[in-house]
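Naming follows writing order (A, B, C and D), and every chain is counted from residue 1.
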Amino acid sequence: MAKAFGIVSSADNTIYVDGLQDYRPIGSFSFLGRFRVVDFPISNMSNSDINRIQVYLQSKPRSLCEHIGSGRHYNINSKRGKIQLLFSENTSSRSIYNNDISAYKANLDYIQRMHEEYVIVAPSYMVYKQDYRQLLESHIASGAEITVLYHKVENARNYFKGCHTVVLNKQKGVQAIEKNLGTASNKNILMDTYCMRKETFIELVQDASWMSSIYTLPDIINLYCKQMDVRAYQHKGYFASLTSLDDYYHASMELLDYSIASDLFKADWPIYTRTTDSCPTQYFETAKVTNSFISNGCLIEGTVENSIIGRGAVIGKGVTIKNSIIMAYSEISDNIRIENAVVDKWAKIVNAKNIISTELQPQYIKRRDIL
Amino acid sequence: MAKAFGIVSSADNTIYVDGLQDYRPIGSFSFLGRFRVVDFPISNMSNSDINRIQVYLQSKPRSLCEHIGSGRHYNINSKRGKIQLLFSENTSSRSIYNNDISAYKANLDYIQRMHEEYVIVAPSYMVYKQDYRQLLESHIASGAEITVLYHKVENARNYFKGCHTVVLNKQKGVQAIEKNLGTASNKNILMDTYCMRKETFIELVQDASWMSSIYTLPDIINLYCKQMDVRAYQHKGYFASLTSLDDYYHASMELLDYSIASDLFKADWPIYTRTTDSCPTQYFETAKVTNSFISNGCLIEGTVENSIIGRGAVIGKGVTIKNSIIMAYSEISDNIRIENAVVDKWAKIVNAKNIISTELQPQYIKRRDIL
Amino acid sequence: MSQNEMLAMILAGGRGSRLKDLTTKVAKPAVYYGGKYRIIDFPLSNCANSGIDVVGVLTQYESVLLNSYVAQDGRWGLDSKDSGVYVLTPREKADEGLDVYRGTADAISQNIDFIDAYNPEYLLILSGDHIYKMNYAKMLAYHKEMNADATIAVRGVPMKEASRFGIMNTDGKGRIIEFEEKPAKPKSNLASMGIYIFSWKLLRKMLVEDMKNPESDHDFGKDIIPRMLNEHRGLFAYEFSGYWKDVGTIDSLWEANMDLLDPKNELNLNDSSWLIYTEDISTLPQYIGKEAKVKKAYITQGVQVEGSVSNSVLFTNAVVKKGAKVIDSVLMPGAIVEEGAVVTRALVAENVKVGKKAKVGSKTSENITLVAKNVKGGNK
Amino acid sequence: MSQNEMLAMILAGGRGSRLKDLTTKVAKPAVYYGGKYRIIDFPLSNCANSGIDVVGVLTQYESVLLNSYVAQDGRWGLDSKDSGVYVLTPREKADEGLDVYRGTADAISQNIDFIDAYNPEYLLILSGDHIYKMNYAKMLAYHKEMNADATIAVRGVPMKEASRFGIMNTDGKGRIIEFEEKPAKPKSNLASMGIYIFSWKLLRKMLVEDMKNPESDHDFGKDIIPRMLNEHRGLFAYEFSGYWKDVGTIDSLWEANMDLLDPKNELNLNDSSWLIYTEDISTLPQYIGKEAKVKKAYITQGVQVEGSVSNSVLFTNAVVKKGAKVIDSVLMPGAIVEEGAVVTRALVAENVKVGKKAKVGSKTSENITLVAKNVKGGNK
């Protein structure tokens, strides 16, 4: 019997991934060709024996709704467990009132009705592997009122710009939570993952909404961390925050190191996703593929290097794809060269000859665009 | 192989059911204790071999999302078929821009991608039984461009006020579609159900949105019915439009005639719904129940007459419920008398002694209210 | 519980011949109970609620209905990605013929390959024909805490009835030191409920040996448990005190249904934290007619009552017509009591019709009347 | 198709002994094919795509894997409210012992009660071990149009091979006038595909009679069809012209896989309007390494290629390590080709490891090499 229920939170109004987020929330972004970002927090929960999960949705919920569905593919008993999709009333994603607290407040009934004593809150816009049972055990053993998950990074100057950092004392007590302004390389990035009693969570939500209608969960914890016992638990291994196009691109490219990727996907910690029933990928006589992740259902006649190719993509003859992410069902016609680009779903690159940018500024090609 | 896909439409901004609709869309209203209104259009489609269905959602989609889920309980193959939940971007239900056409326009991609040649559009806020195969066959045989479903009523002066009426010529050609203003008793009520080619539907949506951003599907059909072959197909049997509290109450009470109810629920035309796994209902020594539909999971110690009792309701000792609708999980404490009321979910009537109104103006008791 | 830490195997082979005509077409675990359930819903729902993912159901007797019933594993939520309810019948192997299960232990032995495929740490053995609610996760926690080789669920029975059961004698700390099958002079009142948790590795080894033993009946109670005791394995008794019923006869099936008429009955099917799941049938809600009288009754959806019902349990789609009376009785799904008929202390089987003005059952008969075939209309 | 207008029964009892070691543990319909599928995915997906709701799978031979595979009916979307895939094994009846299926017709006869429960108008009989895509709804439409008692799917085979098949001779309007099993001098080239639609009422009657006939082999081809012809029933041939393969041997299984390497292959598994559904396995997408060379290949998710692959089909989680070569071969799920090993014209079975620098298969051997056991590393 699980001691905790799960909350999968949505990115707030301060975060916006140019291009990709015009069409779907970050949780619904394709990741490594085969997955969607939300598969990670939900699989972490499912693998941690958490079988009652609330997923908070904001604008453009269609794809996330469809992908999560009944949640059976996340291996959650459909009677005893439940993945509940909850909506905020204010669905304009850029509104300052549209934040996590207002969403929890609007659905407080459903939070109160949970039988479990604890809650694990995890974001739908970050990718990592974590056994929440360990987090919960450490939380209970330490006697802390709130435990947050954090990750030490060395590239906070260029990445993780939408994230918060945690300032810790020697006892791993949280001193402050601040926005990452890119002022230093070494930072403790807050993973927007929290563990606490359900009652504490409800109090935080009520207090925050009472104090200011634009307060977020990190805001109120920052405010309270002097008077409450708030501790930090260090996460190790792969960690990505997909809160900007650069972060998304960088995090994807990092996984082309197979040892990193295969560490994130262990047999004893499956990352579940919804199957699309696509057939295997067809490599033609002329195909040349190296250091790439290729999804099923593709037709590959050209060259693919250091790239990630989504389901059902068509890579024509003489094409070269380099350091790029090609999303599902895109078609790249013969003899086109693409470097350092993110090509969104259903795009058709027919006439454009070359799409080449630098690694630090990947080009984004719109969904359904015909170039 | 189905020739048509289905669209379950949402009530537009001109319709609002006081009280009940504060908490959920009409499609999600409880009906006859056990069902939700949307079960009727979806079951009609499923029973008519339509296995690809789009359900359009507007504000407060949670309960409808949860109820429909993967759609397996509607007996639809989860691989070959699909119930797709689609959202309008503009989710403020009272906005004049929030109408059916804007929702279809926002999701035109998904409509265009349907393989089927025809579409059946049916509302999520009306209750009736109809084999859409017959409607489609008649549509094809007649050569009409659009066929609409209508029902002859004799009480249009008091009910069906939010609905449209169709003016027909002798050949059942549609001359005009007008709002029912309650000016006469005998009217042909438009059942907001349409059958046409997918291509015709897309053209109507595009034309309507081009002409005016507040045009609805009946508006554009009314405009075009002089130049197009628009015909009407008469529906017979039970028909209810749940577009006001009076209509909802009246339509529910009508079904207390068991012969009408059992005609709506034939073994060869099952109305599917999501099971809640509640146990049978317990009648105590002191229970007195007559002419009522009682859902499972109730505890009944008092008197219930001409009423509909939802799942898990508790009717205490000495209580009298008369001509009322008590929704799920409501608790009516000892010795209270309720007449001609609609008591919403989770309400607790503890201290109020009597809730008595007239049959023509049923009282509404709010969700979770404690009286 | 981690994925597949414990696998459950339900022994559902019971022919249930004492249930007479109710089991000519269905195996005992598929018999109806409690207005809307079948008996096997109880162990299956217990499994789902206890966090067990994979359940094997072992059947052999005329079981097409039972098999197709349990195969719909979504009924108990056991249809998520790596979950499932699997029907395991005797099967022909590459080098052997088709063989029936020779005993409870043999039924497990013949499916070692199935169990191995999930590589569980523990195996839970259940009976398919008992009515109770139990959290097997708690029993497993006890098994681990005791560091047991096997844990057997037991319940206290009245001492005078103890000689009808398999009785476990413990050392006071829960360790079983002796097992007596129907002892003439019972030393304790702890009766085995036929619910076992075994550490799979050990059980597997013992089953392989037992299969080869020509003297063995291949039965848990007769062979495996006694041998474990002989070998001084750690066997522990897990005491259970809630509602539990083995409905072996028409009378006890009727009684178990009647138990539900007490609003405070111990089984409490209304508890939302431990629901019993079952088949979902499309029906109207129950309708109680204009002249109906219903008191002290347990009634489920689809029922239509126009007559009078007292002290009775009415299953899905049962019908009581005008002027009919149903007293102290159980109407199984689709049973119809026609106008003016009277049913007293009877159990009317599925889809059976009691004709107009017919009278069945009796207030005073020794046993409950089973009405398994249509009864013609009576004279007035 | 209306709910349960036509029920499908898949005969999946094939022992497939010519597939050698691939079928010691699994029945032939469970054999892998096409990178991610099992053969039985084809009839099951065809059923789902044709709008059939209920499918019975008839098995008896060592089938725990096949049974639990098909029991997960959600894989083919056959898990909605009134749908299901049911495994039907021989079972003990109230008045009979346990009996194996004596023939294809007997397998159906023994499950008449199962079929009756759905009361279908038509019965579709399929084989569990053929690879093809067919819309059975169209075949049913033909059956109705012809007002047939039975419709048999046939395909044209080269005339010189016709004597290896069961050949249907028709009157030119589709009506079958003669059926010859492996005729020495075939009169037509229309071979039976073992796919039948029967009007259930008639078939039921004939099966009941056939069961009592001690002379009968209880087989559709040998008994039921000839008898129907004798009785001048309306038997019609339904011509099918798409891809169809019965993979009875290692060579033909290999060949069927190789067929997929032609991007214009007739089976076209990439057609989104007729998908073949299968088990959903959690893996990474396929990874093609830094020094890998992959050309003319059919590769599925979870595969890791660091070496070189040409003209080959690689199943889920197969691994080709650095410097290894896989040529004209099939690697079944989890097969591993270690560093420097060379696999040529071979079929490497599930989870089998070809050791470092080992060489298996040959460019010139008469038959395809089946590698069913781990191969130790070779010398350099």
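Keep this in mind: contacts are C-beta pairs under 8 Å (C-beta built on N, C-alpha and C of every residue); 3 or more make two chains touch, one makes a residue touch a chain.
What you see is a predicted model, and the numbers here were worked out from it, not measured in a lab.
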Chain whose average C-alpha position is farthest from subunit B's own: D
Of A-D and A-C, whichever chain pair has more C-beta contact pairs: A-D
Centroid spacing, where centroids are CA-atom means, of subunit A and subunit D in whole angstrom: 41
Chain centre separation in whole Å, for subunit D relative to subunit B (CA means): 45
Residues of subunit D whose C-beta touches two or more other chains: 74, 79, 81, 275, 277, 280
In subunit A, residues with contacts to at least two other chains: 72-73, 79, 272, 277
Parts of subunit B lying in touch with subunit C, wherever the complex brings them together: 32-34, 72-73, 258, 261-262, 265, 270-273, 275, 277-297, 299, 304, 308
Subunit D-facing residues of subunit C, complex: 24, 59-65, 67-68, 71-74, 79, 81, 84-94, 98-100, 111, 113-114, 117, 280
Residues on subunit B engaged by subunit D in the complex (per definition of touch): 1, 47, 49, 51, 71-81, 115, 272
In the complex with subunit B, residue positions of subunit C that touch it: 34-36, 74, 260-261, 263, 269-270, 275-278, 280, 282-301, 304, 313-314
Sites on subunit C touched by subunit A in the complex: 1-3, 45, 48-49, 51, 53, 74, 76-83, 135, 137, 273, 275, 277
